[in-house]
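My structure is below; once you've seen it, I'll send some questions.
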Amino acid sequence: MKTTHLMAATALALVSGLGTTGARADDLTLCWAAWDPANALIELSKDFEATSGHKMSFEFVPWPNFADRMLNELNSGGQLCDLMIGDSQWIGLGAEAGHYVKLNDFFEAEGISMADFIPATVTGYSEWPKGTPNYWALPAFGDVVGWTYRRDWFERPELQAEFREMHGRDLAPPKTLAELKDIAAFFQGREIDGTTVYGAAIYTERGSEGITMGVTNALYNFGFLYENPDKPYDMDGYVNSPEAAAGLEFYKALYDCCTPPGSSDWYMSENIDAYKSGQVALQMNFAFIWPGVNADPNVGGDRSGYFPNPAGPGGHFAQLGGQGISVVSYSDSQAAALEYIKWFAQPEVQKKWWELGGYSALRAVVEDPGFATSQPYAQTFLDSMAIVKDFWAEPAYASLLLSMQDRVHKYVIAGEGTAQEALDKLVEDWVEVFEDEGKL
Amino acid sequence: MSAYSVTAPSRRQQWIAGVLVALYAVITLLPLLWIFTTGFKSPSDAIAYPPKLAFEPTLEGYVNLFTTQTRQTEAYLAENPPESWYEEMVHAKGMVIAGPSRFGERFLNSVIIGFGSTFLSVFLGTLAAYAFSRYRVPLKDDLLFFILSTRMMPPIAVAIPIFLMFRSLGLSDTHAGMILLYTAVNLSLSVWLLKGFMDEIPREYEEAALIDGYTRFQAFRKVVLPQAATGIAATAIFCLIFAWNEYAFAVLLTSGTAQTAPPFIPTIIGVGGQDWPAVAAGATLFLLPVMVFTILLRKHLLRGITFGAVRK
Amino acid sequence: MGETTIERAAKATPPKLARRIRGLSDRAIAWIFVAPTIFLLLAVNIFPLIWTIRLSFTNFRANRPNAEVKWIGLRNYERILTDSDIWLTMQATAHFLFWTIVLQVLLGFALAWFINQKFRGSNFWTTVIVLPMMLSPAVVGNFWTFLYQPQIGLFNYSVAFLTGADPTSFSMIGDTGLAPWAIVIVDTWMWTPFVMLICLAGLRSIPDSIYEAAECDRASKWRQFWTITVPMVLPFLMLAVLFRGIENFKMFDLVVQLTGGGPGNITTLTSIDLKREAFEKWRTGYSSAYAIILFVTVFGLASIYVKALNRVKER
């Protein structure tokens, strides 16, 4: 830890030195996942190249290999990446294994205040240990699971009438998970414009993190907790409480009743395809897709609406996504990398970032009076970011995630055992992981 | 080898065989045809529900394959009108071309690494196979099985040691490193197949050459090699197919400079989701070199594969 | 044989020439030819293997470079061999291996046999059939998930067209009963041509004279098939099976792209499980032991198999 401190300080000295002596042009490589927002960042960064004289290169790795490839790079002390927009769950590992440069001193020197960012993103993307003012990243891209719905279908008078008769209320974006299921069931198998449509596309993917990122939206809202709030790593009775089991049962019921046939291994991209091709009335997905939905020739504009994850009997939460940007401690160009972060944190740049389709986490951007109406999904983004909760960010998060993928997919998709059994076993797996880690 | 005789199949037999083979070929071709046509669909036609048989062909997939695009503001778009047909295509979606994609350079890497390692594995394989075929190499059977066994280790299992080794040797993410690695993986196949071919070449030819005053080495070069050409061609095709398409090592061991196309193609991201037409376009283009190579060497492949790995 | 050849050649040639022939001794040439191969394989394959064996006795984790590495003896091996989940992945692998080989051998041999009837256009159709093999497995897996989509996929529509069933009534990837077959179908589609090509080589290596002799003995076609064709092709077929077997035991990218190992763990083959241990949980020591167990398994099976192959060849 001391060494990273030292490095940050040296880097800092370099930055301030550079400010006066004029720039030494560096080649910076920024590593991120290969997806929509990453391309927007290329466009945005042209401004940085012009003002700083540094040259930016980008290494975008596809999501399914992103973690393997990048963690392998970090673990071996690789110098490929100077800047890393790593997944929020890596922060514990990045901090404890010394992959990331601690940014506290740099923030202080440059007058960057974490209070200027949406609190949930600071906790989610920057802090380790959580809840302490130790920063390892600058919130770069806010993201959260929310829902997209076919407004054009919802507004059809004949469907409105039928739904009201059936449920005694309007066909409108749901306020609770139970309502959401009613709506999904209402559309399931229905004939619309000559084709059979289905209720909802939800996350069910097995291979990486898909079904976990989906099922937590039900679990949290039924009362699932990762651990005893008063006693860290005490999970029995929280992870597998009867409420949590009810949440898991709800997700399976939703999968069984109201999703398209064959949607057993779906994540972001499959859900988008199903929604854009008019197969489903509702789509669960991360907010990053909303600009694309809004611009789509078939379902864009007024034809789609957005709503945050609905509340459940045990609370109102949504799964956090998104990432912070960190400086890799093995980089030779730390000074220039820090310069990039300083540039990126500026309000004007953040504003432009939002315009290009990047979800800025800067409060000055999202709290601007014009923000909520700037895009049809802006308000939903704000509402969703207010209720986020994240998966474990422990250094061992990957093992925790793998167990959850395994247990949940077995129950929800393959139909093995009961929800209670699945969660009981999950507790056993997690206890084993934390014992291996020496935290239990 | 195929002289007509009493054993020649009858017309009816040939006809039935032809129909069955053609039927299988058509079925097997359907998915490929579907990939090929998807390359010319618009993104929304590619995922149309219900699926579309008739569609308006477009080059959008190919444009997306070769460019990186980003969303831009209305104002910016109005200020910078499109200058070419492909820019117009991109502008229509509210986006601009931020630069070329990395498909070109990845494709080039594939060509260098694929053909480089194919050459090397066939070259080394030929030498080793000749030695195993003609000389009394000590522990011959054990060495041959050792060579085969190098193919048995799952790439995932050795990836970490190889990664660390390459890094310390400076081979990580270099063309040379990948060529050596793929050569090593292909050598087992290459040696085993080629030894079979060599076994089939009658020794009398070389003996005659030796009597004519050739050295052993000259005899190998001027007599054996031309005889083994068919076998070498067939082996080269199999080696190229492997090296060309390898995925696991490419993902884990390469990044900016030496990454090949297979890790790139399936992950081309369009607006939001996967850009199926661009992926299909990439898959189609990527198939071409191997296809051409195979067709060029087809005669050898069909005839030459008579490797008698079979006779010891 | 080689020795006698050169000896004979040496005796038959004048001394001056003989010296030129012996310019390099046979032993030297043999070593010069074999050494590069052996050396490269030792460097790229054996060195990592030894490293892996060493790691397999430790609790090393590649993502904790600073943690203390402890020598834990056979603990990793013990844990793996007593883990019931690993036996399930072995079962999934066995199912995949068995059926892909059975189907590819049957289809590949039948196709080769038909093509060997030398009907007009057989060369063209052969080239067409070989195409799937040339695609990248990762791309193939990616596209087949699309083909298997009940709502929009070609596969379900084709089956529906042939059987009259509703295309959305079944899901190849989502159904626990069908998923193991979904991966078998794709692998068979892709690799049958490999087996076919090798069988074809075998068929073409049978001299017509043997059939002619059988014809003179008035052996029925059926008898000729079983007493001549099958035994003569068998060594080729076995070699094809050997390489397909080794490849499919390591099968990873195709299945990962297709099913991710799901539903549940139904299609989690051992190498997928191994990848999770090695590159997601980063239990390097544990996964090294796992890899060694797999390697020893394949090595053992293959050496038995190669012995059988040699026996068949000698017959």
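Per-chain numbering from 1; labels A, B and C assigned in written order.
Here is the rule we go by: a residue touches a chain if its C-beta (ideal position, glycine included) is under 8 Å from a C-beta of that chain, and two chains touch if they have at least 3 such contacts.
Fair warning: this is a prediction, and the values are worked out from it, not measured in the lab.
A count of C-beta contacts for the chain pairs A-B and B-C puts B-C on top.
Most remote from chain B, judged by the distance between CA-atom centroids, is A. Separating the CA-averaged centres of chain A and chain C is a span of 40 Å.
Centroid to centroid, with C-alpha atoms defining each point, chain A and chain B lie 37 Å apart. Note: centroid distance chain B to chain C, computed from Cα atoms, is 16 Å.
Within chain B, contacts with two or more other chains are made by residues 47-50, 160, 252, 263, 266, 276. Contact of a single residue of chain C with at least two other chains is seen at positions 62, 151-153, 279. Chain contacts: chain A has residues 64, 68, 72, 76, 274, 277, 279 touching two or more partner chains.
In the complex of the two chains, the chain C residues touching chain B come out as 1-3, 5-6, 8-9, 12-13, 17, 20-21, 23-24, 26-27, 29-34, 36-38, 40-41, 43-49, 51-52, 55, 62, 107, 110-111, 113-115, 117-123, 125-139, 141-144, 146-147, 151-154, 157-158, 189, 192, 197-198, 200-202, 204-205, 207-208, 211-212, 215, 235-236, 239, 243, 246, 249-250, 252-253, 257, 271, 274-275, 278-279, 284, 287-288, 290-291, 294-295, 298-299, 302-303, 306, 310, 313-314.
Those residues of chain A lying in contact with chain B across their complex are 29, 34-36, 39-40, 42-43, 46, 57, 59, 61-65, 68-69, 72-73, 76, 78, 80, 195, 268-270, 272-274, 276-279, 288-289, 291-293, 295-298, 355-357.
Looking at the complex, you find that chain B touches chain A at residues 44, 47-50, 68-73, 93-94, 96, 98-99, 160, 163-164, 167, 173, 251-252, 255-256, 263, 266-267, 269, 271-274, 276.
Put simply, chain C touches chain A in their complex at residues 62-66, 145, 148-153, 156, 168-176, 256, 259-266, 276, 279-283. Chain A meets chain C in the complex at residues 64, 67-68, 71-72, 75-77, 93, 97-98, 196, 205-208, 260-265, 274, 277, 279, 395, 398-399, 401-402, 406, 409-410, 413-416.
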